[in-house]
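Chain naming follows the written order as A, B, C and D, and within any one chain the residues start at number 1.
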Amino acid sequence: MADLAFWMIVLLTLVSAAIVVLNRNLVYSAIALLFTFFGVAGLYVFLWADFLAGVQVIIYVGGILVLIIFGIMLTNRITSVNISHTSVQKSMGGLVVLGILSVLGIMIFNTPWLQTEFVEPVQTTATIGTLLMMDYLLPFEVASLLLLAALMGAAMLSRRNE
Amino acid sequence: MDTSILSWIIWIPVIGMGAIALIPREKVQAIKMVTAVATGIQFLATIGLWTRFDLSNGGFQYMERAEWIPSFNITYILGVDGLSLPMVILTGLLFFLGTFVSWNIDRAQKGYFALYLLLNTGVMGVFLSLDFFLFYVFWEVMLLPMYFLIGMWGGPQREYAAIKFFLYTLFGSVLMLIAILALYFTCGRTFDMLLLMQTAPTALDGVMFWGMSAIKVIWVMLFIGFAIKVPVFPFHTWLPLAHVEAPTAISVILAGILLKLGVYGILRINYTMLPVAVWWFAGALALLGLINVIWGAMCALAQKDLKKLVAYSSVNHMGYLLIGMAAVIAAGEANGNNLLAAQAGLGGAVFQMFNHGTISAMLFILVGVIYDRAHHRDIEGFGGLATSMPIYSGIVAVAFFAGLGLPGLSGFISEAMCFIGAFPVFKAIVIASTLGILLNAAYFLWAFQRMFMGELNDKYKNLPEINKMELFTVVPLLVITVFFGIYPRPFLDLISSTMNVIIDTVANMGGIAGVF
Amino acid sequence: MDSLNTYLFIAAILFSLGLFGVITRRNGVAVLMGIELILNAANLNFIAFAKFGGMNMSGHIFALFVIIMAAAEAAVALAIIINMYNNFKTINVDDVQELRQ
Amino acid sequence: MTGNMIMDYSLLILFLPLVAFLIQIFIGKRLPRQGDWVAIGAVVTTLILSIAMFTSMLIGHEPHFAQEASFTWLDMGAFHIELGFLVDNITITMLLVVALISTMTHIFSIKYLEGDIRYSRYYAYLGLFTFSMNGIVLANNLISMYMFWELVGVSSYLLIGHWFEKDSAADAAKKAFLVNRVGDIGFFIGIMLIFSTLGTFVFSEIFEGISAGKMGGSILTFAGVGLFLGAMGKSSQFPLHIWLPDAMEGPTPVSALMHAATMVAAGVYLCVRLFPLFTPDALLVIAYVGGFTALFAATIAITQNDIKKVLAYSTVSQLGYMILSVGTGAYIAGFFHLVTHAMFKACLFYGSGSVIHAMHHALHKKHDHEADPQDMRNMGGFKDKMPITYWAMLISTLAISGVPLFSGFLSKDAILAGTLSFASHHPGHFLLPVFGFGAAAITAFYMFRLIFMTFHGKPQMEELYDDIHESPKEMTFPLIVLSSLSIFIFYTLPYFNPFSDHGWFSELIVASDAAVPGNPSAHHIAEGIHHAHYTAMALSLFVAAVGIFLSWTFYFKKKLSADEWAGKLKPMYALSFNKYFFDENYNRFIYQPFLKLSALVAHIDWDLYDKYFINGFGRVGKIISFFTGRMDYDGLDQTIVDGIGRSARQAGGVLKFLQTGRLQTYMLFALLGVVVIVLIQSF
């Protein structure tokens, strides 16, 4: 059962990811991306990362995807029926990407990964919280600074310069 | 002594340079003050070195050691001994005085003083570094500011002079680099000079390069690299040109310190790392010294340009020094263990280094003084200046007399020591080179007569007398010259322990020199 | 199913797809989507390593930071794209060919 | 006087003039009277101190008195030099002579140099000169002697060139220094030879070493000749005599100081000090050089018309005597002559200075700037106008001519006796006494010629005659003092026999034995001199009489015309008058060729070697880079590279689209690169 669910989620993720990159219509791509994100969130669940799965859904789906769709809306006339776009150098790109994939695959399967016994976590969210406030306090602050900077930068950039 | 005073001495000018970089180019006075303060502090620090220097220790003192590039065994080693300390003090002094000589530089002062301080760091670094790689780096650091200082602030032919100087010395340093690398790879991959001094003689024993003994090949390559700086006879022609075209302060530094770097290199590296080859080369060294003496003197005799005359006099004076250096082999078995002659010769050579530093610096400053006033340096174009500028001509007279080796002034003692030391080994060469004493006097006195004696040239009736700033730059050198001329003992005490170490190193190789 | 290699390979495929999108898409927003895919692939790796490395929570923290980064990046990138659109009246990246020979 | 006091006094005598020099040079101009009183005070003090030392020497009456003190000057371990003083009877006597002549010069110069623009400078240099000479006198080792030796050279340079506005003075100063340097080279080589063999510079140690046989043979001869070469330069012996007559360009009191007590005396003093180390061969060289110089310079003096030139050549000739006596072993006689000569020669120079001073003022009054105030042909009959000068000069002339009752007779006689004795032992060297007696005759002749031309006969420039006056007290005082000291009594005390040189001098100043094994002992030489004493006396009296008589007939009675005889002996006259063309020949065969050679060397160095050889490297480099440039461009670039390029252009028509400006393409290729690298790596 779990196996089946797992493979279903994998399939969902990969197929929707393929649609994201291959579909000519941007709106379709965006919607496919939604499913990809959900799929990845599902995989997180399988990996015992419940907190992250939540975050994934909230930020990616609730934040980034909405942003992307806004981007599409803002840059294409919504009235034009065909919000589509073409791709270039597909064959060449596909070849290279396949090459990369095979390289990665060979690497993945040939590397003797160091693995340790799985320990069932007591509570991931609390641990993450503690870690963020203790060990990773500085990166945490830097990240907040980064977000602030991104906010200001985005505002600055998208302003019409009169 | 666990201090980092040597590092401070080296890097103070760089701090000054940083400060200058922050000052706007219009604030010339501030730039000059910063230079003066930086060089002044450095000079005081070198004096401090002297006061706490252990005279009885012939080895290195104030050592500093730090990792730099461990993967290539490159370390940051500094140290000072009786050979380098006088040079360090001289460098500190001349750069300090040189700042005031440069006071009248009238364009691009910011760049000038920044480069000047960089040059200072380079020179100090060469004298103080005990790692071959560091040595080479400083050697090159010194080259570049010199190129710009001559090429941008020099006389009419400055670009030609600068490029010639640069190419000539670069040629030398390439040879030196090859030799350094050869030593590095044959002697256990280290640049540490102290280590090389111990390992090089044995590690190189029997090694051949292209069918020649590696020791000889490396020795000669290093020698040529240094000889260009000295300059030894066939490599000397960059010198008159560079000296003549350089601005006064840079001529002072060139003659006073840069020429000594060559000699210092030969003594520090050729003599202590490859002492065997000294035996093989000493005769040639003395002969080159003779040629330098006579050739330089004759060229000086024929000069019409005062600065060129002084420049050739450097060639001439360096000849005495080479002869003195060659005397070191007197201490060997083959020459009857004549330690006395070796000490006189080597001590004389090092003393001559210092004395030539002060005397030629003085001469160049004085040439600069008259050039600033008359805007030419043609000896024949003056006449009777002693009437219009009595103080100046008095000082010039003393400087000239110092240059011609008058007893009571320091130049005499070092020249005499060089001769006395070399005499037992190279009788014919020394006797021939005593002719230099005469020629020396001839060109200085003749120039003096043409410039200062005779009827006063009306054109120069109202030349202003030497001013306070110029006096300030000359008088310390004058005092040193007179003091060491009367009582040389403090100086010789300073160097003698180290000299004995070098003499021992070379003399001990006498036994195998025959086989070699 | 529940092995590290599986997750890694899934992540690799996801990465390759993202890369393909980045390389081939002409539309800036689409390129951005590709980048998001790549980032997701990376995150997947982190989490997978975290789980199979003895539930090391540092992996989660890293993933969290990547998500934060992604959010910031998406905001800035979209701002750029909108700016570009304002200037060039297109968001097709290959129409913006200032670098052309 | 205790030893310590002697040393203290010597130090004071040495350094007082130096202090005066320093004061004068730095603040002299700002002192009242330009500070001449500082200098005079200093030398007068040294004179008093010297007299004190001298009296103590006379009272103590120790012939072998000697006192040494030294300090370490430099020390490098094995190589160390001790500088020090040696005070013995010779030193004390010499110090007195130097102090006396120096004092007289200082006093004489007050009026002679009055109003000179560099009055304080002049006194400063006199102080330096005195200091340097005292240094030579006191030295107990070769190094400090050499140092002071050169300092003497410098001070002479400064003083001869005192009036440097005149080219001739500047030339003369330079010439003096350079000619001396030639000698100094020999001196220095001698020092090196000795030091490299014996390892010491101290006289006594050198002598010990030589007696012990550590040094000898030809090396010692060479060393001796080298050292003597230094003496030749300073004492202006043939062929290095050329600087001395020119040095007359200096102020006259300087000439007096230089020719009587300081500079030229230094050479003789050196020979006296170092006598024990000369080998027989070296001594022979010395004797011949000295003897020849004595005669040679005398022959030049005959024909000179410049009053100072006559005295200059006479000095050269007298120095030749002293050197000759060193060569024959009778060096104490030479030293004796040095002392007596100092008095009368200084007196003669002051006399001539006094005359020139008078002439100068007279000419000045007449606004005559053409006539030469030093030319004896413009003088004549000054006897009545300048009685003190006349009598002083006459006494000195009698002394120099070797007339009994005067000091010169005693010393000259001793020298001539020495040569006679030497010749009797070595009959092959009969020329030495011939030189000596010949020179004696000629000396008497030309000195009286000087007296007669200057002080007797009709005034040659009548218009001047009335304006000639005796010089002021400051100038006549030294004349009186020094001419009195030319009387025999001062040298023979406590005895009064004017025909015997037996006195305090011969008792207190005794010769030391030669250190070289095989040289005759001092006793032996003294014996020989004693033996030849009366023969020499008779002969010298005879030749002096002949000389004076001839001079009297030529220039006083005018029985024989000098001009006529000059015409008859034209070639010889011309040679003598032109000083045997030494200057001209040196100029033609040495200076000019050497200057030309130097110019050539400089030309080779700068215009050939540097321009073509060194810059040749640059030029060759340029040519090579031109060709490599050509090869690079025409060969490599145009054919091969461009060939590839051309062929690539067709294919590259496609490839150029690689540079699309599309970032994605670039990225694509970057990724391709990654794949390729990974693939390559994995193999």
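The rule is short, and it goes like this: a contact is a pair of C-beta atoms (placed from the backbone, for glycine too) under 8 Å apart; a residue touches a chain by one contact, two chains touch by 3 or more.
Computed from a predicted structure; not experimentally measured.
Engineer: Which pair wins on C-beta contacts, C-D or A-D?
Structural biologist: More contacting C-beta pairs are found at C-D.
Engineer: Report back the single chain whose CA centre is most distant from the CA centre of chain A.
Structural biologist: Greatest centre separation from chain A goes to chain D.
Engineer: Just to be sure I understand: the centre of a chain is the mean of its C-alpha atoms, right? Then which chain's centre is nearest the mean of all of them?
Structural biologist: B
Engineer: CA centre of chain C versus CA centre of chain D: separation in Å?
Structural biologist: Comparing mean C-alpha positions, chain D is 99 Å from chain C.
Engineer: Mind checking the centre-to-centre distance between chain A and chain D? Centres are C-alpha means, answer in whole Å.
Structural biologist: 104
Engineer: Chain B to chain D: how many Å between their CA centres?
Structural biologist: Chain centres of chain B and chain D, defined by C-alpha means, are spaced 34 Å apart.
Engineer: How many angstrom between the C-alpha centroids of chain C and chain B?
Structural biologist: It comes to 65 Å between the two C-alpha centres.
Engineer: Which parts of chain A, given as residue numbers and ranges, touch two or more other chains?
Structural biologist: Within chain A, residues 88-89, 93, 96-97, 100 contact more than one other chain.
Engineer: Which positions in chain C touch two or more other chains at once?
Structural biologist: 19, 23-25, 94
Engineer: Could you tell me which residues belong to chain D and also touch two or more other chains?
Structural biologist: Answer for chain D, listing residues that touch two or more other chains: 662, 664, 668, 671.
Engineer: So which chains end up touching which?
Structural biologist: A-C, A-D, B-D, C-D
Engineer: What residues of chain C sit close enough to touch chain A in their complex?
Structural biologist: 1-2, 4-5, 7-10, 12-21, 23-30, 32-34, 36-37, 40, 43-44, 47-48, 50-55, 57-58, 60-61, 63-65, 67-76, 78-83, 85-86, 91-92, 94
Engineer: Tell me, which parts of chain D touch chain B in their complex?
Structural biologist: 25, 72-79, 143, 146-151, 154, 157, 161, 164-167, 169-171, 173-174, 177-178, 181-182, 184-185, 188-189, 191-193, 195-196, 199, 595, 597-599, 601-603, 605-606, 609-610, 614, 618
Engineer: Give every residue of chain A touching chain C within the complex, in rising order.
Structural biologist: These residues of chain A touch chain C: 3, 6-7, 10, 13-14, 17-18, 20-21, 26, 29-30, 33, 36-37, 40, 43-44, 46-49, 51-52, 55-56, 59-60, 63-64, 67-68, 70-72, 74-75, 85-90, 93-94, 96-98, 100-101, 104-105, 108-109, 113-121, 124, 127-128, 131-132, 136, 139, 143, 146-147, 149-151, 153-158, 160.
Engineer: Which of the residues in chain D come into contact with chain A in the complex?
Structural biologist: 662, 664-665, 668, 671-672, 674-675, 678-679, 682
Engineer: Which residues of chain C touch chain D once you look at their complex with the stated criterion?
Structural biologist: 19, 22-25, 31, 93-94, 97-101
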